[in-house]
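Here it is, the structure in full.
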């Protein structure tokens, strides 16, 4: 049993408490969902429970946590009993391929070479990783990476597993598979503490819900007690039913276009869609990623681009924005080749897209022109995304959700004919998800085609009118 | 992510495949003995031996490409040296043969470097690293170094795409020329931030795993094949022949 | 301390420090290599830029792991990496280690890296100077029959040291900003 009593924590150089008097218990074989707004302290709490304080988490901690009455000692010893899967599983890999990674994990625990080899075979079999045992860990899909991490963690027979936003980067199929694995683990007596914004997939795994708000526990209950929409809105939570795509207008892929885009005239030419005409793409020496794709993306509307991982969604977006050149085909607007300069793409990884020393500076850089003239406009955009109070903060000091909102705000700042957003809501809570969806719709209504690449069905339902499915 | 290791592993396969340790040993021999000898006969023997090794280990197409690049660079260096010889007459080499010696040394090194670099595979390197029995204080950072390179190259790719997206339509090359500080910020700041974050994340992963400087993490034991033994033996014979040639012609 | 513990460096560096050193060594080497590949190895601007990025990263590393031996280990790991992956000369490694270590011991003797943020910059400046001096020695051995080739090496070394100085200034400001962002303690 994991017992958490009165945990209070303040980050170094911060007056504000990130966690305040957090107390709960996690019984053997129990699943507990930890949720709440971005920046409410979920990841901090998981890091503390994973044993990362004080070495990796600097600040002041009071309160205590014990596993079966024993407190945290050495990080390495503690982590063999309390496994931790981070949001980005790739960072947990040290070795080059799947088999080596599992072997290394066991050798680190001083399990003999022969015994480690037997255990590796067992984990490869249980997690269905035999076919990819020699594959580089960097070439795996997100779902496969999570499986490798879980395989290595469970090889040590932990009592508790802590999972930080496991659904953030998974497509629906992989998410379902992860759900199945976690259910088996719970049935085997492993306790799970899962921090996540997406709730629906966890209904059969975690019976209890714990909501954090500003570092304090604001709600403890079960899924039944947050059934009401108003209650969820009040707590800033997402849907609890498995989201079903609403009836969107589907854009057919691969079929001949209904008209010849080169012969457009008059008002149709002025208000045209962006036309993708017979696009094919592959990397040199690699398999075809896109084959003869034709579709149209209507201006002034939000189009969701969906499909399983690896089917070329991001590649298509890069072609649309001129970042990759297709082998065949072209992108047209009003009968002419579409000028790539008139497109914007907001990528998934926020760290690569933030350059300046303040949030306001970042927005001013995006707007261009004279700083004094643009300052008001910049503050206005920041306010729309609930970032105005952070204007003087360093962008790299923001939380994950705040950074995600900032890069989207930066992408929306400049006028464009095509805006592509790649997984813009992977780490967002219900409140900020609604906010983001509203801003995306507002941007589309001012003229450009907006394309969202996402696995987040809730975002699609809230924002999109058209749907393109690849694969 | 397109993996660095897979790119390397798909590259040139030669007639024989040697272990990583053998390649390292031959590279070490080449760097030491090419410096020890300063006569054309000894260096010619080493050059011949290294060329045979290169042909055995690497595809012809790769050899030709690398040699063309090397010849171009060596040509520029020779030309500059020649011109400098006219300006500073005291620095002119004594004979055309002597002018060749530095190039021969470089060629010997290049011949042993190509198979090592072309055939390097990250997972293989990790195992070799463990087998070399280096001190833990060196082995662990070196393991992390090898592990991190694909991630870093991927970060660079993503950074390049992000910069292209953000700054397109802003005046191209001239925009950057008049803004060196912005260039520094845009290129370097995200890179350093990624490095620091990756350092924290990997350090955390290592500690959670219980990895320490004394962990013995290699899965494969060292097996010297017949080809390995034969090649090392031939390398030793070549070195002995080079010593004999030096003494004989002296 | 047992021989095994000493051999594994226990007590000198913690695991997370060794990881950080390895990672910065990789980052510094890889970025220098990428810049050289993109800009061309003999382009003076490339030479300055790659050295600038390299030295700025070392300054940030010393701010993150301010211990005597950090730079020596980072340089050693970087040189071994270059040897393993690119077959770069191994001959300069012992001299490089001794040279950097002497510089670090000198800095320790005058108060250590913790005493003043400027000492990190001084450490990198001095050690890079020593390393270049050693490299010139090795280069002389390679081209001793045709010494005019060494003039070219000297020109290259001068450009790269200019880059080191630019990087030290950049590294100083970068470190200040990273502290402000909470990324460095």
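A, B and C label the chains in the order they appear, each numbered from 1.
What we mean here is this: a residue touches a chain if its C-beta (ideal position, glycine included) is under 8 Å from a C-beta of that chain, and two chains touch if they have at least 3 such contacts.
The structure displayed is predicted, hence computed values, not measured ones.
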item: Taking each chain's C-alpha mean as its centre, the one farthest from chain C; value: A
item: Winner on C-beta contact pairs when A-B is weighed against A-C; value: A-B
item: Centre-to-centre distance between chain C and chain B (centres being mean Cα positions), rounded to whole Å; value: 18
item: Averaged-CA centre spacing for the pair chain C and chain A, given as whole angstrom; value: 37
item: Of all residues in chain C, the ones touching two or more other chains; value: 16, 177, 181, 183
item: Residues of chain B whose C-beta touches two or more other chains; value: 125, 143-144, 146, 189, 193, 197-198, 202-204, 206-207, 211-212
item: Residues of chain A engaged with two or more neighbouring chains; value: 55-56, 396
item: Chain C - residues contacting chain A, complex; value: 16, 177, 180-183, 185
item: Footprint of chain A on chain B - complex, ascending; value: 1-3, 5-6, 121-123, 125-127, 143-144, 146-147, 150-151, 154-155, 158-159, 161-162, 164-166, 168-170, 185-186, 189-190, 193-194, 197-198, 200-212, 215-217, 219
item: Complex contact set, residues of chain A against chain B; value: 50-52, 55-56, 75-77, 79-80, 84, 86, 88, 90-97, 99-100, 103-105, 107-109, 117, 136, 138-139, 283, 318, 321-323, 340-341, 344-345, 347, 349, 351-356, 366, 368, 396, 410
item: Sites on chain C touched by chain B in the complex; value: 4-5, 7-10, 12-13, 15-27, 29-31, 34, 41-42, 53, 56-57, 60, 64, 73-74, 76-78, 80-81, 83-91, 141-149, 151-152, 170, 174, 177-178, 181, 183-184
item: Complex contact set, residues of chain A against chain C; value: 11-13, 55-56, 58, 357, 394, 396-397
